[in-house]
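Consider the two complexes below, in which subunit A is the common component and subunit B and subunit C are the respective partners.
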Partner chain A sequence: MKLAFQLAYRNLLGAGLRTWLNVGVLSFAFVIIIFYNGWIDGWNQQARRDSIAWQYGFGQLQVATFDPFDPFSITDAHAALPAEDDHLTPVLLRLGTLYPQGRTMSIVVKGIDVNQTVVDLPTSALTASKSDLPAIIGEQMALASHLKTGDEVLLRWRDIHGTFDAATVTIAGVFPNQVPGIDKGQIWVPLKKLQDMTLMPDEATYFIADANFQHTEIAGWKYRSQEDLLYEINNIIKMKKMGGSVMYLLLLAIALLAIFDTQVLSVFRRQKEIGTYISLGMTRQQVVGLFTVEGAMTSIFAAVLGALYGTPLLGWIAHTGIAVPMNSQDLGIPIADRMYPVFGLGLILATLMLVVISATIVSFLPSRKIAKMDPVQALKGKIQ
Partner chain B sequence: MNSDYVISLRNVAKHYPIGDGRFTALQDINLDFSQGEFSGLVGPSGSGKTTLLNIIGSLDSPSEGTASVLGKNIATLSHKESAQLRNREIGFIFQVYNLLPVYTVFENVEFALLLQNRSEAERKKAVMDALEWVGLTHLADKKPSKLSGGEGQRVAIARAMVKRPSIVLADEPSANLDARNTHGILQTMKDLNRELKTTFLFSTHDEKVMQYLERIIHLDDGRIAQDEIVHAQSTPT
Partner chain C sequence: MKKYIVWIFFLAGSYSTSGQSTPDARLIISRIDENMSSRNRVILSDMIIHGRRNERILTAKTYAAGDNRSMTEYLAPEREEGTKMLKLEDRLWIYSPASDRTIQISGHLLKQSVMGSDLSYEDMMEDRKMTAIYDAQVIRNEQISGRDCWVLELNAKVPDVAYEKRVVWVDKIRYVPLQEELYAKSGQMLKKTTLSEVKQIQGRWFPTRINYKDMLKQGEGTDYIIREVAFDTDIPDYIFTKAVLTK
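Coming up: the complex of A and B.
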C-alpha cells in the first residue's frame, strides 16, 4: 500500500498539467461544498440563537389547545396556572384588528410581563411609556403598518365574552430584530393591561421558561422543550441544505467526471506502462491498486490545494460575514442582514471523506479493466 | 524435465484463435538452457520469437506443452507467483526500452527493488552499481526523454540487471540502435553474463547481435529450424 502511494505520487507529479487540472476543479468543488454548508450552518446557528434569545427562551409551557401555526386556535387558548412559578414568564395572545391610517390589519396582540428578562424583547419601553396603552412593535411590523414610535393607532379586540371593544394604542418603541415569529403581524403590550382589556385576569396562552425551570405535568397544559420549538427551524434549514446540495453535487460530479475520464484514458493510453509494470513484477491487481490510488491522491492534492486558498478565503468570509440582500424574513425563520458562515471541523472532515471516497470509487471503476488485461497485448499497446 | 536447466521447454505450442480456426505461432518447441548461456532466437518477422520469450518470461502461457523456468511450471503459477518470478528472477529488455517516462533513470532502475521492499540504502547501492555496469551513473537524475537511444537501452539493461536475475530476456534490443551502440550494449551484457553468470536469451535478426551469441536457435514459422552452438567472438570488430 505504501508503495502504491509512493508510485502514485511520482506518477501524478509526472503527469503534470492533466493532474493539476483535475486537482484544480476538484479543489474548487471541495471549497464550494464547505462554503455552502458552512453558510447554512452559520445561518442555522444564528437562527437558533436568535429564536432562543427573542422568542423561545428555554422552552414554553402552552395551553394544550394552542397551535402556534393556527391563529384561530388563539381564541380559546387562555387559562391560568394552578400555581405561580418564578421561572415562567406569561404571554397572553389575543386576536385583534389595527386601523393604521384607515387601513385594516388583522394582528395578534401579545401581552407580556413588562418586567421579564427571559427574552430580548425591549419590554422596558412599555414601562417607560406614559401612555395608557403602550405597545412595542418589530421593524417588519413597523414597515408593514407604516407606524413609528409615538404614533397612535386604533385597536379593536373581543373580550372573554366575545364583546368587541376598542382603544387607542401608542407605539412606545420599534425594535430591530431578525425573528419573524415576534415581529410580523403582531404588537406587544403589557400583560396586565391585556388581561384587564379582555377580562382574563391571571390568564396566559403560554409561558416562556427560563434556564432553571423544572417541568412537571399540569393538566390542560403542554410543555414544549427548546429543541421541540426549534424543530421547524431545523426542518427549514434541512430543506435549504438539500436544495443547495444539488448545486454543489453537480460541481462535484463534474470534477469526478474529469477524474473518471482521465482514468479511462489512462488505462488505454498507458498500456505499455501497465505492461512494463507487470513485466517488472507487479501483479495486475497491484496495478489496479496503483491507478486507484492515483485517483484518490488527486483528491488529496485537491484537499491540500483547497486548504491553501480556501482557508484564507473562507476564514475571511467567516470573519466579515456575507451581506444578505433580500428581505428574507419572508422565509419564516430568522435571517440576519449579515450572515456569518461557520466552518466546523465536522463539516470539513465530512467533505474530505465525501470527496476522497467518491474520487477513489471513480478511479477504481475504470481501473478494473487492467485486471483483465493481457500483459503481452498491453506491452504491444494493442488493447482497444 | 531436467531441473539442472534454468529454462526447459517441452513440446511447447502456442495457438491464437483466428476467425473459426486458429493460428499456430509456435509448435513442437523443445529447448533447454543452462545457467550462464548467452543464446539467441533468430528468425524472420512473425516466426514466433517474441511469443516464445513472453512464455519463458511468464507474461504468456503455452497452449500446449510445459515451460519450466527455474524448476517452476509457468502454466501452474498463480498471478502472484508469476509476478514474483518476474520481479526476482527475470529481467526483460525490450526493443523500445519501455522506460517509465515520468521516472528518472535512477527511479526506473530502482523500480523492481521497490517492489521487493528493500531498504533505501540497499536500493541506492544496487541501483548505483547497476548504473555503473552500464556506465550511466552521471545520468541518474535525468528523465528518459533526455536520453539518446543507446543510453535509453543501457538504462533498460541496468533495470533488468539491478536485481541480479537468473535470466535476462532481450527482445530485439538493438533494433533501434546504431552499430556503435549495438556493440556497446552487447559487450556490456556479455561482461555481465561472464561476471554474474546470468543466462541471456535474445531475439534478433541483427547480424551484429548474432556475432556475440554462443548459441543460435533458428525459428521458422513457429518451429525450430536449427539449434547451433557457435563460436562467439569475444571482441568483434
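Coming up: the complex of A and C.
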C-alpha cells in the first residue's frame, strides 16, 4: 500500500498541469462547500440566539387556543392565570388597525409588562414616555409605517365585547432588531394600558418564561419549550441548507467529472505502464488500487490547496461578516444586517470526508477496466 | 350595508305626516325597527369603491326577505360576475364561480372588507333592533342639504355593539336618514354615512345614493347607488337556499 501511495504521489506530480487543474477545481468546490455550510450554520446560531433574546425567552406558556400562525385566533385567545408566577412575563395580543398618514395597516397590538427583563425589548421607553398611550415599534415596522420616535398615529381596536375604540398612540421608541416575530406588523404598548383599553384585566395571551420557570400543567394553557418554539426556525434553516446544497453539489460534480475524465484518459493512455506494473509482479487489483489512490490523492491535494487560500479567506469572512440587504428580513426569519459564518471542526472534517470519498469512488470506477486487461496486450500498448 | 338599507326602507315607509314638534326619539327608532313594512324587496345596485388610484364599480342584484334573509348576486364586472352572497339568520356564505367553492364567512372573517369596500361583512350582519341595543334621544335640530332634520343620538345600552354611539340626522318631513356618524368609545368618529338623492318609489321616500366612509383613512369611501328597487314582489323560496349559490 505504501508503494501505491509513493507511486501515486510521483505520478500526480509528474502529470503536472493536468493534476493541478483537477486539484484547483476540487479545492474550489471544497472551499465553497465549507463556506456555504458555515454561512448557514452562522445564520442558524444567530437566528436562534436572537429569537431567544427577543422573542421566546426560555419558553412560553400560551393560552391553549392560541395559534401564533393564525392571527384570527388572537381575538379569543386570552385568559388570566389561576396564580401569579414571578418567572412568567405576561403578553396580551389584540388585533388592531393603525392609520399612519391616512393609510390602513392591520396590526397586532402587544401589551407587555413595562418592567420585564426576560427579553431584550426596550420596554423602559414605555415608562419614560409621558404620553397617555406610548408604544414602541421595531425598525421594520417603522419602515413600513413611515413612523419615527415622537410621531403620533391613530389606533383603532375592539374591546372584549367587540366594541370599537380608537386613540392616538405616541411612538416612544424605535428599536433595532433582527427578529420579524416581534417587529413586523405590530406595536408594543404597556400591558396594563392594553388590559384597560380592552376590558381584559389580568389577562394575557401568553407568558414568556425565564430561566428559573418550572412548568406544571395548567388547564386551558399549553407550555411550549424553547426548543419547541425554535422548531420552525430549525426547519427553515434545514430547508435553506438543502436548497443551497444543490448549488455546491453541482460544483462538486463538475470537479469530480474532471477527475473521472482524467482517470479514463489515464487508463487509456497508460496501458504500457499498466502492463509493466503487472509484469513486474503487481496484481491487477493492486494496479486498480494504485489508480484509485491517485484519484483520492488528488482530493487530498485539493484539501491542502483549499486550506492554503481558504483558511485566510474564510477566517477573514468569519471575522468581518457578510452584509445582508435590508429586504432580506422579508423571509420571516431572524436575519442580522451582518451575518457571521461559523466554521466548526465537524463541518470541515465532514466536507473533507465527502470530497475524499466521492473523489475515490469516481477514481475507482474507470480503473476497474484495468482488472480485465490482458497484460501482454497492455505492454504492447494495444488498445483494449 | 343591509342595515342602512333597512333604515332606508323603514324610514321611507314611515310617516310622511310628521309635524315639526320633536317626537320621542325612541318612538322614531322604534318605528325604524318595526317598520320593515315591505315583505321583501329586490334591489339592483352599483357599489362604487373609490381606491387610491382608481375606482371599481360592482353591480349586484339583491333579494331580501325580512331582516334575516338575503341573497346578492354580482353581475359586473366580469371578474366578479357570478359571485353570490347568501345570508340566512346569522350565517353568511359566499360562492366564488372562479373556484366553484362556497365559503362560510364566520368569526373573524366577518370583520373583513366586502369586495375591498369600506363596508365589512359584519356591517351586513347586524340584525338586532336598534331599540334593543341603543338608547336614543333627539339632541338638536339641524339642516342637512337644505332639509330640516332631527339629530338623534343613540348610545349603546348593551356591551356587545360595534359602535358605542351613533348620531343620525333624520329628515323631519320624509323621515329619511340623511346622515349617520358612528363613534368609538373614546368619542373618535369612525365612519360616516351620507344618504342622498331621496326619491319616492312605490309610495316610499328613500335615498338612492349612500356614501359610506371610513373616517380614519384617506379616500372618498364607497358609494352605494340603488338603480332599481321593487317591494313586495314574488321571490321564490329557493332563492334563500344554499343550492342557489352554485346555480
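Here is the rule we go by: the second predicted complex is superposed on the first by the 382 of 384 C-alpha atoms of A that agree within 3 Å, B and C clash if a C-alpha of one lies under 4 Å from a C-alpha of the other, contacts with A are read in each partner's own complex, and residues count from 1 in each chain.
Convention: a residue touches a chain if its C-beta (ideal position, glycine included) is under 8 Å from a C-beta of that chain, and two chains touch if they have at least 3 such contacts.
Since we're looking at a predicted model, the values are computed, not measured.
Asker: Following the superposition defined at the top, how do subunit B and subunit C come out on subunit A, clash or fit?
Answerer: When both complexes are placed onto subunit A, subunit B and subunit C end up side by side without any clash.
Asker: Applying the document's definition of touch, where does A:159 land relative to subunit B and subunit C: first, second, both, or neither?
Answerer: So A:159 only meets subunit C here.
Asker: Looking at the overlay, what does A:275 touch: subunit B (first), subunit C (second), both, or neither?
Answerer: A:275 contacts subunit B only, not subunit C.
Asker: Between subunit C and subunit B, which one touches more residues of subunit A when both complexes sit on the common chain A?
Answerer: The partner that reaches more residues of subunit A in the superposed model: B.
Asker: Looking at A:376, would you say it contacts subunit B, subunit C, both, or neither? Reply first, second, both or neither.
Answerer: In the superposition, A:376 contacts subunit B only.
Asker: For the overlay built on chain A, what is the smallest gap between any CA atom of subunit B and any CA atom of subunit C, in Å?
Answerer: In this superposition, no C-alpha atom of subunit B lies closer than 72 Å to one of subunit C.
Asker: Shared contact residues on subunit A for subunit B and subunit C?
Answerer: none
Asker: For the complex, which residues does subunit B have touching subunit A?
Answerer: Touching subunit A from subunit B are residues 54, 57, 59-60, 79-80, 83-84, 86-88, 92, 94, 96, 98, 100-103, 107, 111-112, 114-115, 117, 159.
Asker: Could you please specify the touching residues of subunit A with respect to subunit C in the complex?
Answerer: Contact set of subunit A toward subunit C: 72, 75, 95, 97, 99, 101-104, 154, 156, 158-159, 161-167.
Asker: Can you list the subunit A residues touching subunit B in their complex?
Answerer: Contacts found on subunit A: 3, 6-7, 10-11, 13-15, 272-273, 275-276, 278-286, 374-376, 379.
Asker: Touching subunit A in the complex: which residues of subunit C?
Answerer: 107-109, 156, 159-164, 182, 184-186, 188, 190, 214, 216-219
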